[in-house]
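Paired with subunit B in one complex and with subunit C in the other, subunit A is shared by the two complexes that follow.
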Partner chain A sequence: MLFADFYREMRFLSKQRYIVLFLSAVFALSAFAVWSGLHETKLQQATIERLLEKDSVDRENVLAGQGDYGSAAYYSFHVTYSEPSSLAFAAMGQRDTFPWKHRIRMLALEGQIYETDAENPELSLFGRFDFAFIVSVLLPIFVILLLHDLRSGEKEAGRYDLLVASAKKQHKLWLSRALVITTGLALAMLVPLLVGAAITQAPLAKTVAMVLITLAHLLFWVVVTVIAGRMMLARGQNSPRIASALLGVWLLATVIVPVVSDTLINQSITGPNGGEVVLTQREAVNGAWDQPYSVTWDEFLKTHPEWADYTDMESSFDWKWYYGFQQAGDQHAAELSKAYRDTIVRKDVAAGKASLMSPAMLTQRLMSSLASTDISASLAYEQDVRDFHASLRQFYYPLLFKGGEFELEQLADMPLYQQRLSN
Partner chain B sequence: MSEPVVVAESLNVRFADQCVLDDVGFTVNRGEVFALLGGNGAGKSTTLKTFLGTVAPTSGSASVLGHSVTSDSDFIRSKVAYLPESVMLYGHLTGMENIEYFLSLADVKRSASDIEAALKRVALQADTWHKKLADYSKGMRQKTAIALALLRSAPVLFLDEPTSGLDPSAIDEFNQLVTALSEAGSTVFMVTHDVYGACQVAHRIGLLDQGKIVGVFERNGNELIDTEQVHTAFAKRNA
Partner chain C sequence: MSIIKSVMFDEWRYWRRTKVATTVILIGIALALASVIVNSIEVRQASAERTELQRISEQTFFDQPDRHPHRMVHYGHYVFRTPSPLSIIEPGVDAFTGTAMFLEGHQQNTAMFSEQRQSSGLTRFSSLSPAFMLQVLVPLMLILVGYSCVTREREAGTLHVMITQGVKVRDILAGKFFSLAGSGMLMLAPLAIASLWAGVHGESLAITASFVLGYVVYILVWSAIVLWGSTISSRSNASFAILIALWVVLCILVPRIASTTAASLEPSPGKLETDFSVVEELRALGDGHNASDPAYEKLKQDLLSQYGVDDVADLPMNFRGVVLTYSEKKLTDVLNKYAEARMDEELSQAEIARQFGWLSPMVSMRTFSMMIAGTNLENHHRFLREAEDLRFDFVQALNHAHEHDLDYHTDINRYVNDDTAKAARVDASHWQVLSSFDFAPESAQFRLSHSLRYALQLLLWAGLMLALIKRASRGVM
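And now, the complex of A and B:
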């Protein structure tokens, strides 16, 4: 029976030109957002492929021209990267603000990690126009515009009494009409997403989860809009007033709560920033040139006591000492660096709690999490880089400390970066 | 004409501090045409909306075919056809499409030939049936709504200022239609401020003033209700 009502309203609404145009516009926006996300992830993948292509060739050329292991480590770069997941096109999340590629050397690491260019500083403020943005920010407006006058519009047009008197079951009329509009809106938004997911061959379970998040947010606003519309109409409010009140709720939930919570989180959870970490490490490394060798060795041997018998130097400059104070520089900044990362995690946890008050925030966070573009994914990539850098040190230290003739073949087993994060 | 169909008993409706209906009581029997007559703000539309279920009574009761408007509105809607004063159907649909939509809403199935017959009966010109309602005059919209009410084949008709906007010949045709429906057993409850029209068609007239029934007029045998008598009472109340 509900299907008959649904079919009747679908036929009826399909003849209303403004609804068809509206849904077409939503489809176009969603398709553009998906295309833009696919384009961006393709660019990032192309950049990674280009870097990887040149990475091994470049390193081979550099290594061929070196005469000792210290120079080999100094002049050879290693590309590290976090490839976009198959759903990153839908929610670029933190990939716009956190770095997703580095060229790493065996020098002190902290500076190399945090001294990066912010590629899209403006995006950290406004957010990218991706699918997640459409669903979390624009979708409520679409719902409000289409459904705020579900009943009041008919009242103002003078048809309400006739409709109510004619409908066999009054609630079925409004329910089926709201359901048709909601279905149209869901299809207009989700079809481009599903096409995008098919192109990137995204895992089915994650794609379904992305669809369910979209539907949950859509249903939340449909319920809010329909109930508020009904209650306000019963209190004699007209369509413009109902729309204004709902837009106020949207402003509160989508803009004010996130901005206020962000401000409060930044004020209540404080910690060092990336620049301080870089500066601390750099001062420690630069200062090492002016300090007695023993200062470097004492610090270095705290974490690498196995090399205590190999600190003798044949000249005033020795690569093992050079890399020793690079290591010491990282150790000097380690606490600050950890505090920096802990602060990010604590802020993220607090933002997660705050998102329970803002459906838009919650939607965006869930989508970023599914697309592996959230803070956790960024920190996981950073940890990958740290682990890779540690493996480089583990590889080079025996060659540097034990001495011996430089043999290119010895470098054949040099570790290569591999992304661990799964799609 | 003794089976009560539309009944109001001690009906009171208040909006905030304003008393809109004050202890209203009347009974409309099967096959009867009852007109509730009154000036602007007398409470006619509120009475009608109470029976349609869009205005809740503050106290008292209103029922149709023995079913309360407050607890059995779905049943009442299935038995009632409503003709609003200002017929605002959907402008983006044709006359035929509007009728099909509203019949489907009421879950009433009628063939295309049934719809055409109803449109002919209300004298709506055939070349306008497939035109968008936005292009219809007020009278044409009214005729479309009357055709819709006929097609509902409902035993009870609620009419709100039914002849408003119709030309004199259409009013005559409409009155004949109402009489025919009444003779066929339909019960008609109409609200109007048209004294002459009410007297032409109604078996009884209730005069409503400031939310109260202040007078009831009825036919004497087959004689129509005396227009002058009703008009005098009406004019006195609205002076």
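And now, the complex of A and C:
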């Protein structure tokens, strides 16, 4: 029975030029968003591939020309990267402001890790047009435009009473009409997403989750719009009034709540300024040149007691001392650096709570979390870089401290960066 | 004239009676005011913080003890970008660009610590800046206030009555237009006051005046769009739907499509990737730390023959310093070549995005606003260039000290023991070579002349709307 209603409404609405045009436009927008997301993902992957290729050639060349392990470590760089996940095309998230590629060497890490090879800031400011944006920001407006005059539109066209009188059960009439429009809207948005997911072979579970988030957000706005439309019509309001009120709700959810929470979060959660971290690190590293060697060694041996018997130096410069104070410099800044990252995490957690008040933000956050493009994914990448840097040190310290002639073969086991994050 | 006025007052009276419009306008004013206040406070805080960090950074440099001059080259220096006065209204790209930069010998670093990276990540679509309020939300408010300004009269039949009584269509439309524009100006007022405030804080009059003027034109354009939408529609429902759809397209879709298109059409390889080419070229130049690098053989021979000596040790200056000065110059040329190419790339990406100003007044307004406020990409590049100039100057000044104030023999024996290391130092007074960094946006003249094109885009929109309304007015009956 419901199916018959559904079918009837579908035939009726498919003859409404306005609705068909609208849904085609939504489909085109979603297709464009998915296409550009896929394009961007492909560009990023290609960039990573090129970087890796150049990186290994470059390092081989550099290493071949060195005469000691200290210079080998000093002159060889290592590319690290965070590959876009298979769903990144749908939600590019923070990947344009947080770096996803980095080149480091065995010097003090705190002096290198904040370098940012960011995207063009003017483009970041405008923001990207990705699938997550369509669903979180535009979808409510689509729903409002399509459904706010579900009843009032008929009333204003003078058909309302006739329709209500002729329908056997009137709520069925509105229900099936809303259902047809909602289904059309969902298909217009989701078909491009599914095609994209098929192309990148995204995991089924995550793709389904992405679809469910979209549907949940859609359903939320359909319910709000239909209820508001019914209630306001009962109070004698016309269609534009109903839509204005709904746009007010949209404004509240998409602009006011995020902006106010952001301001509150920034005022209440504070931590060390990034500048303080790097300044501390620099003072510690450079100060070592003017201080007795014992200062460096004391700090270094706190974390690496196994080299206590190897700190004698033949001249006033020795690479092991040089890397020793690089390590000591990082240790000096470690607490500040941790506090700096903790602040970001705390802000992110607070933002997660705030987003419960804003369906738009919640949708956006859930999607970028699924696509591993959120703040925690970028912090996880930073941790990967830190771990890799630590493994470089573990590799070089025995070579530096135990002395011995320089042999290129010894460097064959040098650790390689590997992305831990899976998708 | 009096008819226009009475149409305008009638419209306002209607707004007061129905309360919806009044509510919307009050919300608009409150939002604009709140954003101006909060933003001003935040910018002033950031400005004070960075000025202080800059002062500390310079002081620490001066306070360094006697050292080997090249140690100071690696010790380096930090510069901080202070916000421009008008960024209290138009923060532009400031939140997305790094605010601090480490300057040292032999390399150019990137700007670190953008505010966006340290934020909650909630403000990627919206922001509390007055610019966002004015560019995106005020048009929406104008639509909510005025979508029915003509259709209402038409539906009630009063439009017909007025015209048959001999009121000119032009006068009716003008009255409606001024009533809309007037409400827009109310929401613009906080911005105008904040611009005056920026004027007090050192922004030139020509800049603040054209800034406010740009926004006035923008509001007029949107008032005209609303009037047009209402004039061509037979019913309020239709004008509402048309105008909201237009707003979504012009204020939300086009800007994002612009940036996505620019990034797709002109992909930029990024600094990391060009760094490989840089390194390749640099390797051919030789390593300045190693004065016996074959790359400096010619330099050495030239100097030896110029002073008629056989050994670099007999030169009247420190040869190691000579090599460092020479190689830093060569290296900087290469670095700048790539840096400039990269900035050109970014600029041409931005240019593509800015072309969308022909398709949306919001894009042209935003570009104009950032250009005038000195918070756009060009200004970020200016920061990079000025920081680079400072870097090169102090590094070369230190290399000069290395060349002339540090004996060659003392220098090459510095690692023998602690005493020789102590001897191979220069007096701390040499650190005074660092000049102070005081970043200011491009000159008023530069900003004005470079914003002409975007002013033209805006004016074109104004002209287009005028023509459209004129055409629509013929079909009013």
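Everything below uses one rule, namely that the second predicted complex is superposed on the first by the 411 of 423 C-alpha atoms of A that agree within 3 Å, B and C clash if a C-alpha of one lies under 4 Å from a C-alpha of the other, contacts with A are read in each partner's own complex, and residues count from 1 in each chain.
By definition in this document, a contact is a pair of C-beta atoms (placed from the backbone, for glycine too) under 8 Å apart; a residue touches a chain by one contact, two chains touch by 3 or more.
Just so you know, these numbers come straight off a predicted model, no measurement behind them.
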item: Partners on subunit A (subunit B, subunit C) - clash or fit; value: fit
item: First, second, both or neither for A:Arg230, with subunit B first and subunit C second; value: neither
item: First (subunit B), second (subunit C), both or neither touched by A:Met361; value: second
item: Subunit B versus subunit C as contact partner of A:Ala243, first or second or both or neither; value: second
item: First (subunit B), second (subunit C), both or neither touched by A:Arg50; value: second
item: Contacts of A:Lys15 with subunit B and subunit C, given as first, second, both or neither; value: first
item: Comparison of subunit B and subunit C by subunit A residues contacted; value: C
item: Lowest C-alpha to C-alpha distance for subunit C against subunit B (Å); value: 14
item: On subunit A, positions contacted by subunit B and by subunit C; value: none
item: Subunit C-facing residues of subunit A, complex; value: 29, 32, 36, 39-40, 43, 47, 50-51, 54-55, 58, 79, 94, 97-98, 101-103, 111, 114-129, 133, 136-138, 141, 145, 149, 153, 156, 238-241, 243-244, 247, 251, 254-255, 258-259, 261-263, 265-266, 273-275, 278-279, 282-283, 286, 289-290, 315-317, 343-344, 347-348, 350-351, 354-355, 360-361, 364, 374-375
item: Touching residues on subunit C, where the partner in the complex is subunit A; value: 20, 24, 38, 42, 49, 53, 56-57, 60, 65, 67, 71, 74-76, 78, 80, 92-93, 95-98, 100, 102, 109-114, 116-128, 137, 140, 144, 147-148, 235-237, 240-241, 244-245, 248, 252-253, 255-264, 267-273, 275-276, 279, 346, 349-350, 353, 376-377, 380, 414-418, 420-421
item: Touching residues on subunit A, where the partner in the complex is subunit B; value: 8, 12, 15-17, 157-170, 173
item: In the complex, subunit B residues that touch subunit A; value: 49, 52-54, 73-74, 77-78, 80-82, 84, 86-90, 92-93, 97, 101-102, 104-107, 145, 152, 158
